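Here subunit A shows up in two complexes: once beside subunit B, once beside subunit C.
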Partner chain A sequence: MSKYYLMPFNFCRLSNSNELIINTIGDYLILPNGTVKDIIKRNIQKKKDSELYLDLLSNFFISETPINPLIDAMAIRYRTKKESISNFTGLHIFAITLRCDHKCDYCQVSRQSQDFKEFDMSLEVIEKSIDLMLKSPNDCLTMEFQGGEPLLVFDKIKQSIEMTKLKNSVTNKKITYVICTNLTHINNEILRYCKDNSILISCSLDGPEFLHNYNRIYSNNSYKSTIAGLRLAQQFLGEDRISALMTTTTKSLTFPLEIIDEYRKNGLKNIFLRSINPYGYALRTQKNRYTTKQFVDFYKKALNYIISINLRGEFFVEDYAKIILTKILTPFSLNYVDLQSPSGIITGVVVYNRDGNVYASDESRMLGEMGDGKFLLGNVITDNYESIFYGSKSSMLSKYMCNEALAGCNRCPFQIYCGADPVHNYATQGDLYGRRYSNAFCERNKAILTFLFELMNQDNDVFEIFKSWVLN
Partner chain B sequence: MEQIVFKEDDKFIYIFIPQRLYSKEAVLNCLYWKLNELKIRFSFYSEKEFQVSIDLKNLSLHQKENLKDTFSNDLLDYELREIVHRETKNIRELIIAKAFANGALDDL
Partner chain C sequence: MIPLQFKGTPINISNPVVGIISNDILKKEILYVSSFRNDEKIILSAKAVSNMNMGVFGIPIDNLSPGDVVVTYPDGVVETLFRINSEDNTIFMTNNCNQNCIMCCQPPQRVNDIKHFFDINYTLIDLIPLSTKQLGISGGEPTLCGKYLSLLFEKLFNRIQDINVFILTNAVLLSDIKYFKHLKSFPKDKVLFSIPLYGDNSYTHDSIVRTKGSFYKTIKGIYNLFKEGYRVELRVIPQKLNLIRLEKLSQFIYKNLTFVENVAFMGLENIGKAQTNIEEIWISPQILSTHLIKATDFLRMSGINCSLYNYQNCILPKRLRHLSLQTISDWKMEYLPECSTCIEKNICGGIFNSSLNLIKQYIEPIKDENHS
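Here is the complex of A and B:
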């Protein structure tokens, strides 16, 4: 029996007779079946199994002393992985209007006709929301305009940005502005303002014309408007200033390759393969109901295709994989609120609704619009920063925001890469704590994480591609 | 009894698990992941054994065979996880405490 001490780690089995072990700080090793048992039983010999022994030692799976001499380095690595906690809320979403000119089946929001101006955010709410945003301890903020369709109220966006710039001359925060739009109302004047103020544009593109128009209902041809707007924005702002998002509907599941090719055809270098949020208005019809397994199959086909594109020398990134791979292959995490523990709600994102209500996330706002105020933190007119961000509602929610303390997550090897999502738990299972054994968030993330590890382990060329995504 | 024993009547599958080999935490963590498809009861059968009773109602033959094939290995994996968890609890807590102590625990 060898003399060494175990360090905290967890493990799972991969499909190719290997064991994947991952430690507290996110380092991993893939080992032949049976190795974990040998490690625990102290059967790994320093001389006889020198290569494995040194791998385990240098990657913090075992230690030769009860307290590893590098424990302070491990603590710094852990803190780096959890950097988002120290920064606090960085993404501030302004739902500046509920009005929209589209009637997409999967829309989470209770959109209103484009003529109903009472569904726009008032200047008073805008100013109070900006004041709250600038009180965030985070030095780098993102002010994101969503809707409805925010370009229906472009004047209000301009007023918001000018007001923010004025107020920020005192607070001196670095602020990134983003407009999420369907691009039907984009024009040279708007783009000139975007260029002058370094505003990023995020648009929706669901795939080829037949699919995009099937998903995104518009009185005219949504696809043609979007592509025309995309071209104009790319010419005006540069290709790196505009990104596109897709939502996977039941119909999308059959066309992973066509969706990716549509993105490539339009000069986009990345795609975020997003599943539909399985609750709220998005599920009004059977059209958007599919199983997690169906989505994961779609995701795997799409990712394999993207890898084949990269193997042919074209740089093209799948963004969800990139977020996860950054956690796996670097000491850092990208600020993606859905995969954080503590959860990214409140600590990473808040939403200021057009009526002044502040919600813990975009999905929380959707629940609020449906009459469920479970994640309503307060109102910008009547409440102050402390009561909204540190009040009783935030305190209550924080009990469910750490996956380290959730049944099912507490022994999961992917815990450090994954997150807690009480909004998803509540919306899909009626319970903030959630039940991991029947939870779509858990099923999807475990399947994708396992797939990424298997891909990296099977083919060194794929590993190199993944590294290039993370480093760019 | 030094091994997992399966018994069956017309209503339940009974699994008897020696406490000398498996902890309650390992058994509960293992059973947790089966709650979506199985109706399970857990009890202390004796001072030496846990008893897990699985309702056969709505259980297909395939599910039943699969359960018998995989349960022992699944439980062994959870026992291994539990050993690591127990042995490393203090060091894990120390890493997390140091991470957010802003240097206050540097001497530990």
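Here is the complex of A and C:
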């Protein structure tokens, strides 16, 4: 028996007779079945299993002293992985209008007809929201305009940005502006303003024409106007200034390859394969209900296709895999608020609704619009920064924001790569804590993480492609 | 190769004298050395000179230029400390070391020499030109000099503010944050700490530096430097003992020491301990290359600068050649006669004169761009 000490780690079995061990700072090793038992029984010997022993030592799975001599290095690693929380709220979403010209079935927002101006954000709410945003301790902010369709109120966007610039001359933060739009109302004047102010554009593209138009309902041809807008924006701003986002509906599940090809056809170098949140307005109709397993199967088919594209020499990235692979393969994390522990709600994102209500996330706003104020943190007119961001609501929610402290997550090997989502738990399971064994968030992430590890382990070329997505 | 140390016949030299080769050369074979301390003039010459009050004869003075700084010892040894026409000047601090590396090219000695070298170097700093761009600090282990290191840096940076200095240190003593009081005189942006790291774990690293506990102390020292805002470069010497974990070392560096400025992979210098232990450390260039490719590919992909020191272009695979720098100090670098036919000679780092015999068999002049 060897004398060494175990550092904290969790493990699971992969399908191909391998075991995966992952520690608290995100180092992992894939080992033959039975190795974990040997590690724990102190059967790994320095002389006999030299390379494995050194791998375990070098990757902080074992230590030869009760306290690892590199504990300070581990502390820095841990802090680096969790860096997003030390900056506090960076993403500030302005739901500047509820009005929209589309009537998509899966819309999670309680969209209003484009004629009712009372569903726009008032100047007073805009100003108070900006004041709150600029109070964030984070030096780098993203101000994101959502709707409804924000370009229906482009004047208000302009006013908001001009007001922010003026006020920020005192606070001096680095601010990135983003407009999320369906592009039907894009024109040269708007694009010129976007160019002058380095505004990023994010649009919705669900796939080929038949699928896009099936999902996204518009009086004219939504696909044609989106593609025309995309072309115009790409020419005007440059391809890297505009990104597209897809939502997976039941119909999409059959067409992973066609969706990806549509993205490639339009000069896009990446795609975010996004499932519909299984709650809220999105589920009004039967049309958008599918199981997590159906989505995961779709995701796997799509990812395999994307890998084959990369293997042929074309650089094309799946963004969700990239977010997870960054956590696995680098010492860092990307600032992606939906997969963090502590959870990204409040610590990473808040939403200012057009009525002045401040919500913990986009999904929280949707619950709010449906009459459930569980994640309503306060109002920009009546409340101040402290009571919204550090008030009793935030404090209550924070108890459910760390997966380290959630049953089921605490022993999950993927804990350091995954997150906590109390909004999802509440919306799908009725309480903030949630039950992992029947939790869709858990099921989806576990399946995708396992899939990524198996891919990396089976094929070195795939591993190289993944590395090319995330390193540097 | 340019010799830096000569032995001649001394006349009336009672103490080590540091001085600068003066501009007024009387005859071709006679040089004056102006001593800094007391305005004496010392004569260096190839042949005996009549009426030599103080000096050394029997010295091949062709290798010296006006502006060079030399030290003259009572036993007739004359050593070049600073060469005016070179960018490779290094200040030697001590022969002592707290490690005992298996491939050390300058084996450590336990001698009481810290004050001796300090006195010489302290004078030397007054004599080097204000236009000096770069200076190295080495030993032995320079951090063993503690307050003397501090005093030397204080003087150096008082005299030449924008000089770049690199210090070769194993960082073991820097594991104790209390040591950092000696670094107060170091301008953080001007000093680069070049630190050897030979493995991703204590067994591999310590088996090479042959001092137990070194790995953990070196890593801690590097972290302390990082926390205090100093610049760090890592130096790796691939050899038999760390070759199979070379790529893992790159991964360890990326994950745990992401902040380093550069990682240099360095060829062995077949002198000192390396010569004695050559069987335990030597690996053929072919085997070396496969591991070097993996280790450097990973670092480059991860956005960490890396470079190759002391390797010849013709023994490196084509894809690694652009990482190779001409780093062998000019005074100990040579080419083989056949190198004159190589189209990459002007961008090749050359060969350590000490390693000629080992490397010779692998040298194959590059004749066209497709040489792989």
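Some points to look at:
Keep in mind that, in the parts below, the second predicted complex is superposed on the first by the 471 of 472 C-alpha atoms of A that agree within 3 Å, B and C clash if a C-alpha of one lies under 4 Å from a C-alpha of the other, contacts with A are read in each partner's own complex, and residues count from 1 in each chain.
In this text, a contact is a pair of C-beta atoms (placed from the backbone, for glycine too) under 8 Å apart; a residue touches a chain by one contact, two chains touch by 3 or more.
Here the structure is a predicted model, which means the values were calculated and not measured.
Look at subunit A after the overlay: subunit B and subunit C fit there side by side. In the superposed model, A:N10 makes contact with subunit B only, not with subunit C. Once the two complexes are laid over each other on the shared chain, residue contacts for A:G408 go to subunit B alone; subunit C is not touched. By the touch criterion defined above, A:L70 lies against subunit C but remains apart from subunit B after alignment on the C-alpha atoms of chain A.
By the document's definition of touching, of the two partners only subunit B reaches A:R79; subunit C does not. Look at A:K251: by the touch rule set out above, it reaches neither subunit B nor subunit C. A simple residue count on subunit A separates subunit B from subunit C, and the partner touching more is B. In the superposed model, A:H185 lies in contact with neither subunit B nor subunit C. Judged by the touch definition given at the top, the superposed model places A:K167 against neither subunit B nor subunit C. After the chain A superposition, the centres of subunit B and subunit C are separated by 90° when viewed from the C-alpha centre of subunit A, nearest 10.
In the superposed model, A:K269 makes contact with neither subunit B nor subunit C. After superposing the two complexes on chain A, the shortest C-alpha to C-alpha distance between subunit B and subunit C comes to 10 Å. Common to the subunit B-facing and subunit C-facing surfaces of subunit A are residues 72, 76.
By the touch rule above, subunit B contacts subunit A in their complex via residues 29, 32-36, 77-78, 80-85, 87-88, 91-92, 94-96, 98-100, 106, 108.
Residue ranges on subunit C touching subunit A, taken from their complex, read 200-204, 216, 219-220, 223, 244-245, 248, 252, 254-256, 258, 301-303.
Per the touch definition, subunit A reaches subunit C in the complex via residues 27, 46, 51, 54-55, 57-58, 64, 69-70, 72-73, 76-77, 330-331, 467-468, 471-472.
On subunit A, the positions that touch subunit B within their shared complex are 5-11, 13, 24-25, 36-37, 40, 66-68, 71-72, 74-76, 78-79, 82, 85, 407-408, 411, 435-438.
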